[in-house]
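Shared chain: chain A. Partners: chain B in the first complex, chain C in the second.
Right, the complex of A and B next:
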């Protein structure tokens, strides 16, 4: 019986590859948008504009305080009530971008905070404009603190992309869920799904660990 | 938007939400306790000098960290019955949650233990402290400051992750929102209320975590 299931699983394997591709596509697209938005929000969060900081703080806490599943449901089911009808794929990208940018914003803000005050003061006294300060003085130094957790956040994004399967995006988890209805060997099917996620996430985790080590060594050698 | 918002329905379904809140609460609490136990065991195994034991634990930790919780949840939900283990949804959910969180807890505790300089332990041995005394007076007081903030962080993550249990039809907060959506076609009311409840839990945990952090910094300074 098990052998039969395995051969049937091999038959539907191309579906799994399609699912993997979808997972990578969703994660990668939202990774880019979330990074751009997250950096912008993070820079604004550490600006001196009080209302802006507050507004971003509220946004970040709202997102961090609610489960991603609830956010996905909110976007997918509530937007149609306002006349905005979205396909599952764009809805997934929007949800992942909103969630990812909030987390990246916190990472960026913490990184900027970690740059010594004297650096900014030196930049001001050399007559750099605000944009130049951020571009040439603050961000390059903040990147050391930002990069390791940022890669960690990318891993989380890939993993969280499994949740958008509930609104019908044909990603790996969705393929597994559909397959398990036909091939009732949950461990086999989701073991395969897990291995495929592992293949994507594990190298990223290793990269994050390596970056963390390298960045901290550089700091001591200064 | 608020003029369309139907508060009466929320009141009508309030008992569902309260049941859901209670379920989310106790399932998270049980999972956190189990995760702490599991994490400690996995951490001790990971630090063991026996390669086999240490590698077993590493495989557990890495495979959990590199795959999404939803996949793990489905793995157990669909997989356990196929190997003849029949447990109900709540038990499956708690099992998956604690196994998932346990891996993260193990890494947090390991980082805490490794953060203590070797010299401190050696100094303890040199002054003739027993193992228990070293643990009590040297290792734990220092490790707790490193370990507690991320542990509370992963408790927050666990509470949010418990929303995924709604997908295997466990009645909890998110499920309550889904019920309202499917019975009354009121996704806005349903999911905003769910989100509000999660935000309450989140703020409670956040206040507690900020408070402990302040206490810890205070203790370190004095």
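Right, the complex of A and C next:
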């Protein structure tokens, strides 16, 4: 019986590859948009503009304080009530971007805070503009603090992408669901799903660990 | 060059600068000393607006520093500032440190800026260290790079905030030497320091501050041999006793 299931699983394996591809596509696209948005928000969060800081603070807390599943449902089922219809794929990207950027914002803001105050004062004293201070002096140093947790956040993003299967995105998790209805061997099917997620996440985990080690020992020298 | 009129500043309830008035002429070297917490660092940090003042007027090279509409970039480009903790950019080489502002603020071409940077590094005695990172340099060398970073903007004024206080004793002289040369070239300088040897050699006036007030201003000779104020005498007896 098990052998039969395995041969049938091999038959539907191309479907798993498609699901894997979709998971990677959703994760990768939202990873890019979330990173861009998260950095912008993080830089603004450490600016002197109080209303802007507060607004971003509210946004971050709101996103961090609600389940991702609820955010996905809100975007996919509640927005249409206001006349905004989205296909599952763009809805998934939007939800992941909003969620990811809120976390990345905090990582970036913390990294910027960790740069000694004297660095900014030195940059100010030579007449660099705010943007130049951030770009040439603050961010390059903050990246040391930002990178390890940022890569860690990417791992979470890949895993959280499984949630968008609920709105019909044909990702790895959804392929698993559909398959298990034809091949009632959950252990086997979701074992395979898990292995495929792991294959994507593990290199990232290793990268995060390596970055963390490197950043903690690395002095600024050759 | 610098005109300070009735300046007051508070940190919350703490009155850190009390009705300060002071003129510094072109080419003058003014040494500011006083016990810690007397407001001397705050005073020079107000001059390039690292700190805001609440009352009074501060004019540098005909620019009203605390005017809302002032072009801060222009102001700060004319004022070099050297910090106690050097504050070099650790991710850049010495040359990168000294050329960043000339390239980004003065809009110099990279080649020109690097030429200027090498010359200036030569001037502070570090011509062979242009490619070193701050972490590879000693404290004294780092502080000299920091001075070079200020000089590369070709400023009209240099401000020094306890430039030798974070240094090991054997490195103090190499930094002071650079500052002495600078003074002799006619740079307008305000130096917050307790290096009385330096003050005696190059200062035109010494200003003594305590509790946010200017207690006494006098030429070095008079300041050391005949201080008028009790608090100055007490301070001098403490720092000159050994």
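Following the convention adopted for this analysis, the second predicted complex is superposed on the first by the 218 of 222 C-alpha atoms of A that agree within 3 Å, B and C clash if a C-alpha of one lies under 4 Å from a C-alpha of the other, contacts with A are read in each partner's own complex, and residues count from 1 in each chain.
The rule is short, and it goes like this: a residue touches a chain if its C-beta (ideal position, glycine included) is under 8 Å from a C-beta of that chain, and two chains touch if they have at least 3 such contacts.
Bear in mind the structure is a predicted one, so any value in this text is a computation, not a measurement.
With the two structures aligned on chain A, chain B fits next to chain C without clashing.
Look at A:103: by the touch rule set out above, it reaches neither chain B nor chain C.
Centred on chain A, the angle reaching out to chain B and chain C in the chain A superposition, using CA centres, is 100 degrees in steps of 10. Within the superposed three-chain model, A:136 lies in touch with chain C and out of touch with chain B [touch as defined at top]. In the superposition on chain A, contact of A:89 is made with neither chain B nor chain C.
Legend: residue contacts after superposition of the two complexes on their common chain; A:127 is shown touching chain C, with no touch to chain B. When the two complexes are overlaid on their common chain A, residue A:186 makes contact with chain B while staying clear of chain C. Contacts of A:154 after superposition: neither chain B nor chain C is touched.
After superposition on the shared chain, chain A has more residues touched by B, the comparison being chain B against chain C. Chain B and chain C never share a C-alpha pair closer than 24 Å once the two structures are laid over each other. Chain contact summary for the complex, chain A toward chain B: residues 61-62, 64-71, 73-74, 77-78, 81, 155, 158-163, 165-166, 172-173, 176-177, 180, 184-191, 193-194, 197-198, 201-202, 205. Those residues of chain C whose C-beta lies close enough to touch chain A in the complex are 48, 50, 72-77, 79-81, 83, 85, 87-91, 100-101, 104-105, 133-136, 146, 149-150, 153.
Chain A makes touch with chain C in their complex at residues 116, 118-119, 121-129, 132, 136-137, 140-141, 219-222. Interface residues of chain B, counted against chain A in their complex, comprise 62-63, 65-72, 74-83, 160-164, 166-167, 174, 177-178, 181, 187-188, 191-192, 194-195, 198-199, 202-203, 206.
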